[in-house]
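Look for chain A in each of the two complexes below; its partner is chain B in the first and chain C in the second.
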Partner chain A sequence: MNWQIHLPALLIAVPLLGAFAAPAFANRRLRDVWFTVMIAATTVIAFLLWRRVGAEGIVVYVMGGENWHLTLPSGMRLPIRIIMEVDAFSAFMALSGSIVSFAGAIFSLRFLDRTTGGEKFVALYFLLTAGMLGMETTGDLFNFFVFLEIASVASYGLIAFWRNTPEAIEASFKYMLLSTIAALMVLIGVGILYGRYGALNMAAIAKSMQLGLPEKVALALFVAALAMKCGAVPLHMWVPDAYSQAPAGISCFLVSVSQASLYGLFRISFSVYGRALDTPAVAWIIIVFGILSMFIAVVMAVIQKEVKRLMAYHAVSQTGYMLLGVGVGLLALAHPQAMSEYGFTAMQGGIFHIINHAMYKGLLFLTAGSIFYASGTLDLNRLGGLARNMPYTTVMFVVSAAAIAGLPPVNGFVSKLLVYESSFAVHPILTVMALVTSILTLASFVKVFQSAFLGPARARFSEVREVPRSMLVGMTVLLVAILWLSFMPTWSLSRLVGPAAQALVDQAGYIEAVMGSGL
Partner chain B sequence: MNPLSLIVRTVCNVFAWFMVIFGAYIIVHGHLSPGGGFQGGAVVATFIAFLLVAHGGKRLLGWVKEGLFSAVESTGLLIFLGAGLFGISTTFFYNFLAKKGGLFGSVVPLGSNTGVLNSSGTIALMNLAVGLEVVAGLSLIIVYMFKGIRLELDREEESHDR
Partner chain C sequence: MTGNLPFVVVGLLFAIGMALILFDKNLIKIAIGVSMVEAATNLFLIVLGYRTGGSIPVYTLAGEVKRMVLPTPQALTLTAIVIGVATTALMLSLIMLLYRYYGTLDVREIRRLRG
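And then the complex of A and B:
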C-alpha cells in the first residue's frame, strides 16, 4: 500500500521522535545532525502532504482505526476516534510553518554554541514544531486543545531559554499566565460544544450546529482565547516581551506558532460555525481586532529603540492584515454575490499575507539575531555602520524590510494590495487605516536600516564579522521563499493561496470528508 | 531544606515505599480502574518529595542521578511513540497487540466481569511507558525546583537535629 496515506500521522510522529530522542545526543556534532535531519524530514513530509492535498482534495486520517479512512465505523452516527483532517488551508499552514521551522533550526545550530543546554533546546524545538503542526492538521477540537498546550508549554521553556536574564523569565511568565487563561477558555468552549452535541470532531459538530446561547458563549470563548494567542490588540501585551527575549531562531519560529492560533480562529469561525452564523457580529469583531492591531501596534513600533522589540510590535501589526482580510471574507460568507465581488479576494489577501508574513518576519528576526550575534547589542542608539562588515545580512534585511513595508515587487505588496482593494468595498476607512499602517511600517524600517546598517563605521564594531555560514544558510532558506513568492505571484495565488481560501469557504466539503454525504 | 527529626525520617523510610507500590498499582491498572500512567507516575514521584522533606536536600542530591532520570524519561517517551509507530502498517496508534494472546493480549469475556489485567493491548504498554516518563520527569522537576530554591537563597544548609 502507498505509504503516503500515513503522511498526516508522520507529520506529528517525526517531530515527536526528534524531541524524545534529543536528550540522548550529548555529543554536539551528532545532535546537530539529528536536529537538521529530523527537521528537514518534517519539512519534506509537510511538502508531500501539501502536494497530495492539492492533487486529491481533503485528506483524512483516522488515528488507531482499523482503516485510515474509516471515519464512521459501521453503525455509528458520530466519529469516535481522533481524526486528522487536512484540507488545502491546513496543508498550506503546515507547509508555511515547517519551512520557517527548518530555517529557524538551521540558524540556531551555531547560535547556540555560546550556551549550554543545547539538547533541551532541540527537544523543546521539536515539541513546538509538533504542537504547531498538530494544531494545523487536526480535525478534532479536544485534540486541538492538546496540541495548543504542547506548543504553549514548549514555548514557555524556549522563551526563557536565556534564564540568566530576568527579562526573559518575566516574558516567559507573562506568556505562561496568558496562555493558560487562553487554553482554559478554549477547553471550556470545547466542553460546552461537547455537552451540546456529544462530539468533539469539528466536522460532526459543524454538521449539527444550531446557533443558540451555549454555542454563542463557546464561540466568544474561542475568539477571545485564540485572538489572545495570536497576539491581536488589545490582547497583545505578551508579544513584544516574548518575541524580543527569546533566542532569534525561536522568535522567528514563534511567529508561525502564533499563526497556528490564527488558523484555529479561522477554522472554528469558518468550518465549525460557518453558515450557522446568522449575524455579521463575529466578522466585525475580527475586523475590528484587525484594525486595532494594525494601527496601535505600528504606532508602538515606530517609537521603539530595540530592534527585536520593534519587530515584535510589527508582528502584531501585520497579524491585523490577516484578521482584516479573512474577517472581510467572513462578513461576505453568507452573501454569494458579495463573496464573488470582494470577499474571496479579501480572503486570498489575508491568507497570502499569512505565508508572506511568516517568511519575511522570520527573516527579519533572524537578521536581528545576526546583528546581536555579531555585535552583542540590539540598541539602535549604539548600532551603526554594520553594512560594511556584514554585507549578506544587510541584503537579507533590505529584502525582508521591503517585503514587510509592502514595496513592489516584493511579496508583501501583493497580499497587501489584495486586502486594500477588497476591504474598500466594505468601508473606505478600513483601507485608509491599512494604508497608513503600511506607511508607518516603512518609516520604522527605514529608521532601523539607517541606524543599524548605514552611517559611519563605529570604532567599537571594527572587529565585527559576518555571521557563520550555517546561520546564513538558515536565512537564505527564507530569502529564497520570499523571492519565490515575489516573482511567482500568479503561481502562488492559483496553486498555493487560492485552494486554501477555497477550502476555508467550502464548509460543506469539510463536513462531507468526515461525515459522508448521507445522514 | 534541612533534615527533619529521627522520628520523621524513620516513618518516611517505611512509608515512602507504600507510595511507590500504590503508584505502581495505579499505573498497571490504568486500563481497568481510574487513573493510569500519569496519575500513578505522579504518586510514585512523591517518593522523591518524601525523601527531600525528611532527609534534606543535601543527602537527596547525593542519591539522585539526574542523567539516569533523564534517560528513563526519554525511554518512556520513546516506548510510547514506538508503540504508536509499530501499528503503522494499519494506522498510526493501531492497537496491534489486542486479542493476540501473550502478555497484553488476553481476550475479555462478554458480559459483566471484574476486568482482565492483561487485556487491552498497547494501552497497558503505553500506560507503563507514560508511567516511566512521569516518574522520572516529576522527580527531576522536584530536584530542579529544589536546586532553584538553593540558588535563590544562596546559603549553606545547616541541620538542627544532630
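And then the complex of A and C:
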C-alpha cells in the first residue's frame, strides 16, 4: 500500500499531534478519548512499520526531500537531509516501546481523575512517546540528540507531576541535572564526529570511520552519557528516585524510555563504530557496567521497604542482563567464529531481555500503582492480605514476578538462559554473577508477594476494592504480551528477536541502505 | 596562534562549569554551572564550523566570496540553544519549588530520598 511509505514519519507525527492538541481537551471524556485513540494509533503504526521492515528489510525515509527514498540527491557524496533509518532492531524497539506506552496510557486514564491538569499530563505523555520513538528510528546523530532532549524534558515534567510532594521535585531535579550533563556530552561527541567527517548521518560516518584519538574521545563521551541515561551502575542514582516518585503509568513507561538510551548505546557501538573498533576495551566496559548493575542494584533492592523503590532497583539490575548479553556480542563482533559459537546467542539473549523486561517491569510498576490506588500506601511494613481484596492484581503480580525472577516457563527464563549459556563461553564468573542476581531477584519478590498480598486480612484494608476496569485493561495488555512471549519462544526468537540481533550485527547493510553500494 | 584560542576557551568554560556542578553546594550556582557547560558546547560547535575570513553562509547575502563558514554547526547551535533555554527554565522553576519546600538552597539539606 502506498501510504505505508510514510510510516516512519507518521510514527513521530501522530504522537506529536497528540501532544500539541492535548491541552485543548479540558473536558475529561474528550481527553480520555483523544488519549486512547492517538496512543492506539501510534501503536498500530509501530506494528505496521515492524511488519514492513520484516518483509522488506531496512526502511529509509528522507525528511523534507522531494522524494522519500532519495538519500543522496543530485550526486552528493554525503546525505544532507535528515534521514530516518528503520532496521529490524529499531522497529523491534519501537514496537516494544509503543506497546508499553499504550498500556501505561490506558492505566493512567482513571488515575488522572484524582488530579487536575490531566490534559497537561496527556501532552507530556505524548511528547515522551514521540521522543522515545524518534530516538529509536532516526538515522542522524544530531536528531538523536534532539529526540533525547524532547524525551528528557517531558520526563522531568512527568516525574515531578505530583508537585505538592517535595520528594517528587527532588527526584526530578536530580534526574534533570544528570540527564542535562549526559545530553551535553552526547552533543560534544556529535560535534567531534562532525568535525572529523563533516557529516551527521550515522551511516555516512560509519562508512568513513577510522579509529583515531578524536573518535575514541567521542565514543567515551557517548558510552558514559548513554550508560548514565539508561541507568547503569555506577551512574544509576537517579533511577530509584525517579521511578519511585513518578506516577505508576509513567514509571512503567520510563523503563521503555531509558531503553531508548540503551538502543542509542548499542546503535552507536555496533552500527557507527562496529568493525572499526579494533580493541575489546569497549565491549569489556559494557560487560563490566552490566555485571556491576546486576549485582549492586539487586543487593540494594533486597533491603528496600517501599514497593516501587524496590522495583526501580530491579530495573537497574535487569538492565545489566541486556548490557551483559549485547556486550558479549560486541566482544565477539570481530571474530566470525566466536560470533557463531556464542556471540549471536548472547545478543539474542540481551535483545530478547529488552522486550521481556519492558513488559514485565511495566506490569510490575502498574501493579504497584494499583496497590497504591487501592490502599493508599506502598510501605511493605503496613501492607498485607491484599490478595483477598484484589484477586486480579494478585494474578498479574504473580505472573510478572515469576517472569522477572526467571522462573520457567515465563519469558524471563528464556532470555536469561540464553545469556547464561553464552556468557559462560567468555568467562564462568559472568554466569555465576548472573545466576546469583537471579536468585536474589526471586528472594526480593517473594518478600513483596508475601508481605503485600498474603497474610491475615488487615482491618484497615477491609474497604479496599479491586481497581477500576480501565486499569485492569492496561495491565492485561502487558499480561497478554508476557504470556505470548512465554508460550511462543520459537516464534519470538525467529521473527522478533533474531532479525533485530542480525540487523545490529550487519553494519554493512545499515551503511548500504543510506549510502548505496556504489561510490 | 589565535587558531586554537577558541578551543582553549571552550575547555576553560567546560572545566569551570563542571567544577561548579560537582563541588558547589548551592543549587543556583549548580544551575549556573549547567549553563556554562551548555555555553561551552555551543561555542565548540560554532568554532568547528568557523573558517578564517569566511562570510555568512547565506547565498543571497554573501555576494562574491570564495569561502563561507559552515552553516550546519550554526543550525545545530541554534537548536541546542533553544533546548538549553527550555532546560534552564525548567531547572530554575524546580529550584524555586525546592526552596519553597525545604527552605534552603543547600544540596546537603535536600536529601529526603536516599538508600
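Heads up, the rule we're going with is that the second predicted complex is superposed on the first by the 518 of 519 C-alpha atoms of A that agree within 3 Å, B and C clash if a C-alpha of one lies under 4 Å from a C-alpha of the other, contacts with A are read in each partner's own complex, and residues count from 1 in each chain.
One rule holds for everything that comes next: a residue touches a chain if its C-beta (ideal position, glycine included) is under 8 Å from a C-beta of that chain, and two chains touch if they have at least 3 such contacts.
Please read these numbers as outputs of a predicted model, since none were measured by experiment.
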item: Touching partner for A:Phe142 - first (chain B), second (chain C), both, neither; value: second
item: Partner chain in contact with A:Leu200 - chain B first, chain C second, else both or neither; value: second
item: First (chain B), second (chain C), both or neither touched by A:Met339; value: neither
item: Which of chain B and chain C A:Ala481 touches, first, second, both or neither; value: neither
item: Contacts of A:Leu187 with chain B and chain C, given as first, second, both or neither; value: second
item: Which superposed partner A:Pro23 touches (first chain B, second chain C, both, neither); value: first
item: Touched partner set for A:Val153, first chain B, second chain C, both or neither; value: second
item: Partner touching more residues of chain A, whether chain B or chain C; value: C
item: Partner chain in contact with A:Met176 - chain B first, chain C second, else both or neither; value: second
item: Residues of chain A at both interfaces, chain B in one complex, chain C in the other; value: none
item: For the chain A and chain B complex, residues of the former touching the latter; value: 6, 9-10, 13, 16-17, 19-21, 23-24, 61-68
item: Residues of chain C defined as touching chain A within the complex; value: 21, 27, 30, 34, 37-38, 41, 44-45, 48, 72-73, 76, 79-80, 83, 86-87, 90-91, 94-95, 97-98, 101-102, 110-113, 115
item: Touching residues (chain side chain A, partner chain C) in the complex; value: 142, 145-146, 149, 153, 156-157, 160, 163, 166-167, 169-174, 176-177, 180-181, 183-184, 187-188, 190-191, 194-195, 200, 240-241, 244-245, 300, 303-304
item: List of chain B residues in touch with chain A within their complex; value: 70-71, 73-74, 77-78, 81, 84-85, 87-88, 90-95
